[in-house]
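One chain, subunit A, appears in both complexes that follow, with subunit B as partner in the first and subunit C in the second.
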Partner chain A sequence: MWKSIKNCELVNLKELEPLLITQLREEILDKLHSGGRLLALFCDRNIHFIYCIIALDKHSQLMMGCAFIHGAAEYESLTQHFPACEMFERELFETTHIRPLNHPNLKPLRNHSNPFLFHQVHSKEVHEVGVGPVHAGIIEPGYFRFNALGEKILHLEIQLGYQHKGIEKLFEDFSKQGRGLHLEPLAEAIVGDSAIAHTLAYVHAIESLCKLKVPKRAQHIRTLALELERIGNHLGNIGDILGDIGYYLGKDAFIALKTEVINAMLKICGSRFGISLISVGGVNYSLADDFVQELAELLTRVKHNAKVYFKIHVTENSSVLSRLEGTGIVTLQDAMNHGFVGLTARSCGMDLDVRSDYPCGVFQEYPIKNTLFENGDVFDRTVIRFVEILHSIEWIIQDLERYTTSESREIFLHNSSSTHYLANHCVVSLVEGWRGEIMHCVLTDDNGHFERYKIKDASFNNWNALPLAVYGEGISDFPLCNKSFNLSYSGHDL
Partner chain B sequence: MKNLLINTVVHRKQAIKDNSKAVLHSKFIGLPMILKNRDPQDELCCEKLCLNGAILLSPFRIDLGKCSFCKRCSIAFPKLICFTSHHKLSATSREMLIIDDTCDNESYEKRAILPLKSKIFKRSLSLRSVCAGGNGACEAELNACFNVNFDAGRYGIKMVASPRHADGIIISGPITGNMAVALEKAFEATPNPKLIILLGCDAISGGVFANSKNLNRSFLDRNIPTLYIPGAPPHPQTIIHGIMKMLDRV
Partner chain C sequence: MEIIFNILSIIFIPLIIIGVIEKIKSLLCGRIGNPWYQFLLEFIKLMRKELIVSKRSSFITKIAPFSLFLSVIIATLFVPLINGHPLMSFSYDFVVFAYFLGFSKLLTLLLAMDSGSSFEGMGASREVKFSLLMEASLFLLFASLILVSGQTKLNLMVQLYLIKSPQTIVFALLLIIIFFIFMLLESSRMPIDDPNTHLELTMIHEVMVLDLSCTHLAMMSYANSLKLYIFMSLIINTIIPVSHSLFLALLLNLVALGVLCCIIAVIETLYARIRFTRLSEIMLLTLIGAFILLTLILYMNGVHP
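Here is the complex of A and B:
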């Protein structure tokens, strides 16, 4: 029995009738054949059930199904038919030890207790290059193994898991101590540069479970912060892409702009990353009237400068264009097969954006413009960032007007009478972070504690895009391709 | 071309003339102050509220090494704790990070950092960053220290690509089990004499991840850090001030 739900809609777990694993597998295949997208595949804490969530993006619906494990030791893998399931099945195998048969790449995802066996190319001409886990730059750890033929990359294999901190388990443990309502600091620490997006996903889930209705004004501030985070990070990314081709003048111009934006976030909540802004029930800080004015002016200036800089440093700069155009192509077919999300998917023509597909909060009333590009190369991933920056700025400036004219001044729900969340329920909350779709799924047990807290960052889907993009490129273009996705290691490893 | 030149000239100025005199925006969440005349009941509730366990009881103190500066304690108990915008938070010993109600901005700044006795790093310090489970925020702020705005490079502080070129390592993140070996190797590869700088509350104490079973913090049992930089993530000015003060240059 599958339950059809919307973003942030409650499901009573008792109404969810478990199937057998083989049945569940057949039905997942059916749904994927008819255009569904696998969103999550995970087991509960005690490894009794497998839960599956499938997104039907065209209908803005999520389908949830579950199956008994019942001592089952194996099943025919989904990955052999749908490569998009690869990571999900590897993750499920690592936690449950139920073997997906005929899985093409059943390697450990986060567990490093056994040595990782890399693919090898047997040839005298091919040489292997290993990079990591400590990188030359100031970034997170991960290991990359290249098989290169001369300068060309024949194959890249990525081993992650160095960042694994057991965040999902911490959510569950804290909830057992009765602190499930106040885990914002933990949600903020999942991915540092997407602190707002992850915290939003967490608070949306909890507010649904507690049936809290957040004041309108708080919703405006939350969405505004989400878009501000997107603008800041996209600006920084464009700068970093320029930096990775050795064009530091362009880099510095964009990084200086980014600093202005994230410093504006500091003026809202005291942290450049939006830490401490959002809490269950509302937001902790209001925007003063003069600050609203200041923010609008700042964003208008940023918009103008971004346009000028982008013209000078990217679109009219032939040496930059020659490095970006046609480099690191991900095709639409690959993106659909591998289930990429977020701006990686949009840059190759896949229309996927939680803000328009599963709108929540302010986006329901005031939709944001959506952009699609077709080529899927580094250049498109750069331009899509730029276009999204402009759209977000336009949206924020319009929203600031709505914000000042709204009547209610309430930003926090103080009469939290129902601070107990529902027992035996489940909620799936989706948020479009700047990398892409972020999912938090909460299952509660008989006592109302978290039975399971499942997190999926956009990076989890998108890490497979990097090997596809660098295939056949020179090793020297690897940093550029990597930066054009700028995926989170921490969001993958959790 | 003309535009390019104009653009270059516009950016050819030091965004922050002197980092040591920089004052952060009044909203910045900096050094907390414990207020006097507290209600013991509030103290108990406040201690329970903190996810990181940064609040210590009898007497009531705050451990900056555990605090993630989320300000939620101050929002819930405004009569107990207030956060100032003072960003000079770094300290050279773990005990200094624990503050009580007698501590204020000036006294904290005065005693928190004991400059290095040796002068060999004073004019030039090369550091290697090792991220051992950090979530990207501390790394982003460390990167920001060297961008056009904060420009720590002007003081002769730089980040290098290999531990073999470094005078010390900066550790960010709570040190996961999977990174323990790599961290050890990076530290071994650094030539003596060498420094260890812990960046962010995750690195100092494990922060919000302190209770996770996937951490392996034994590296810190065997090695003594030189500098602790609190914050989650610390502001670039906090990082720059901490390092400069340690080098006895402010």
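Here is the complex of A and C:
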């Protein structure tokens, strides 16, 4: 039996009737054929049930299904029909050892105790280049193996898992030790640069489970912080893309703008990445009235400067354009087949945005503009960042007015009666981080503790975009393509 | 006197010239940046570090950095430096000059291949690809210079200001542009190669010295900087006449070096790196430029097809 739910809607697990694995597989295939998108495929800790969540983006519906395992050791893989399931099935296999038969690429995902057999091209002309896992500069670890024909990339394989810290298990263990409701510091540590988006997904899930109603003002501050995070990271990304092609003039301009934006966050909550701002039941910091004015002025200035800089350093700079245009193309067909999300998907024409597809909080009343591009090259991924910055700034400036005129000044729910999670329930919470869709799914057990806490960052879907983008490109363009996605290792490795 | 100044300039100018360019670049980008003597500090730091040599490398890694350094120094001996005076000069010395530079390149390649790293092999193949095109255009250039000046010594060949004819401006411009591109390639500057990047896959020169440390790395970076100075001097001596007063000559030379540093810094600031697949087009451009120069000069000298 499938259960149709909305973003942050509670599901009683007892109402979810389990199917057999083969049945579940057939029904997943049906749903994927009719335009569904696989959002999660995971097992509970005791390996009794498989849970599956499918997103029907056009209807703003999430479908949740479940199946008994009953000692089943294998099933026919979904990946052979839908490549988008590849990572999900690899993850499921690694955690449960239920083998998806005829899976084309069943390699370890995070666990390094099993050997990772790289593809090899047997030819005297083709050479292999291994990059990583420790890279130059201050970035996270991941291993890239190239098969290159001279300067041309024939094949790229990525081995991740070096950042695995068992964060899902940490959520569950802390909950079972009865450490209370507040695991925000854990959620902030999932992906450091998307601290707000992940914390938001966490608190949305918890607030549904505890049936808390967050004050309006807190919702405004949360959404504002989410968009500030997006603006800051997008500005930094544009700068980094320019830095990778050796155009330091543009890089410095955009990094300086980014600093202004994240310093505004510093003034709000004492952390440039928004650590400790959001809490279950509200937010910990309010915006002073004079600061609201200051923030609006700052953002207007940032918007103006970003427009000027983008014109000078990107769209009217032929040497930059010659590097960005036509490099690292991801086609719409590839994006749909492989289930990419977020700005990677939007840059090649896939209309996916949690803010408009599954609106939550302030976005329900005041939607934000959505942007689509077609070419899916590095240039489009740069421009879409710029356009999203403009939209977010416009939205924040409008929202600041609504914020100041709102009557209630409460930002935190002090008299929360319920401090326990509902037992045997499940909730799926979706948030659009700056990389894309972030999903947190919580299952509670009989005692009302977390039985399973499942996290999916946008990077989990999108890492497969990189090999597709660099296929046939020059090997020296790889860093640029990589930076244009700027995926998180930590978000993938969890 | 000039000999002393020449020796001093060979020792000191390469140590500060990179730092000066980087400082100007920083200022143009609106940053404070490192001090102008940063390169010198790094050189001293490298000299004081512990030498680490990969166990997999052979004797080549031990001898190549110093031999390479020496061969670039020998090539520098023939280059007109301050007031158009080289330290050494004889007929057809440009061949020795070119092939000592070439020998240094051969040593770099051996050094890169010796470490057995996949990165460095890639860098070596890139370096060869561009040097191949450079050698041809360098000798075409020398041929036209001999025809136009009637001299066979490198220091006298480049003195284009001596020829009093309006066409010289065209020659000089073409020559300077070609030398300039050589300079960017040889010293791995932007927009051909990015000396500041940390991305191994995009590097040309830097990727070949990834496994070096201490004095080996110091020698390599000094030699690289010296190559920059060689080509700067060639450009300067094409335009700036020999003067009677040594003081004036020194002053002019320093000003010209400063101006060249500024030009390099401005170009590096304003342009993104050229896409790698299009770099060979730039090198082919030097070849075409050299052909045009030669054709023009042959035509002027009365050789009509």
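Just so it is clear, the second predicted complex is superposed on the first by the 493 of 494 C-alpha atoms of A that agree within 3 Å, B and C clash if a C-alpha of one lies under 4 Å from a C-alpha of the other, contacts with A are read in each partner's own complex, and residues count from 1 in each chain.
Keep in mind that, in the parts below, a contact is a pair of C-beta atoms (placed from the backbone, for glycine too) under 8 Å apart; a residue touches a chain by one contact, two chains touch by 3 or more.
As the structure is a prediction and not an experimental result, all values here were calculated from the model.
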item	value
Per-residue contact with subunit A, leading partner among subunit C and subunit B	B
Subunit B versus subunit C as contact partner of A:Ala195, first or second or both or neither	first
Which of subunit B and subunit C A:Ala136 touches, first, second, both or neither	both
Which superposed partner A:Leu413 touches (first subunit B, second subunit C, both, neither)	neither
Partner chain in contact with A:Lys169 - subunit B first, subunit C second, else both or neither	first
First (subunit B), second (subunit C), both or neither touched by A:Gly474	second
Which superposed partner A:Asp244 touches (first subunit B, second subunit C, both, neither)	second
First, second, both or neither for A:His127, with subunit B first and subunit C second	second
Subunit B versus subunit C as contact partner of A:Asp252, first or second or both or neither	both
Overlap of subunit C and subunit B interfaces on subunit A (superposed complexes)	136-137, 249, 252-253, 256
Contact footprint of subunit A on subunit C as seen in their complex	25, 28-31, 118-119, 121-122, 125-126, 190-191, 194, 196-202, 268-278
Of all residues in subunit B, those that touch subunit A in their complex	3-4, 7-8, 11, 15, 24-25, 27-29, 49, 51-52, 68-72, 75, 83, 85, 128-144, 147-149, 159, 161-163, 173-174, 176-179, 182, 186, 202, 207-209, 211-215, 232-233, 235
Touching residues (chain side subunit A, partner subunit C) in the complex	127-131, 136-137, 150-151, 242, 244-249, 252-253, 256, 317, 319-320, 322-323, 327, 474-479
Subunit A residues within the subunit B interface of the complex	110, 112, 133-134, 136-141, 161-167, 169-170, 173-174, 179, 182-186, 188-193, 195, 236, 249, 252-253, 255-256, 259, 263, 266-273, 275-276, 279, 284-285, 308-309, 311-312, 488-490
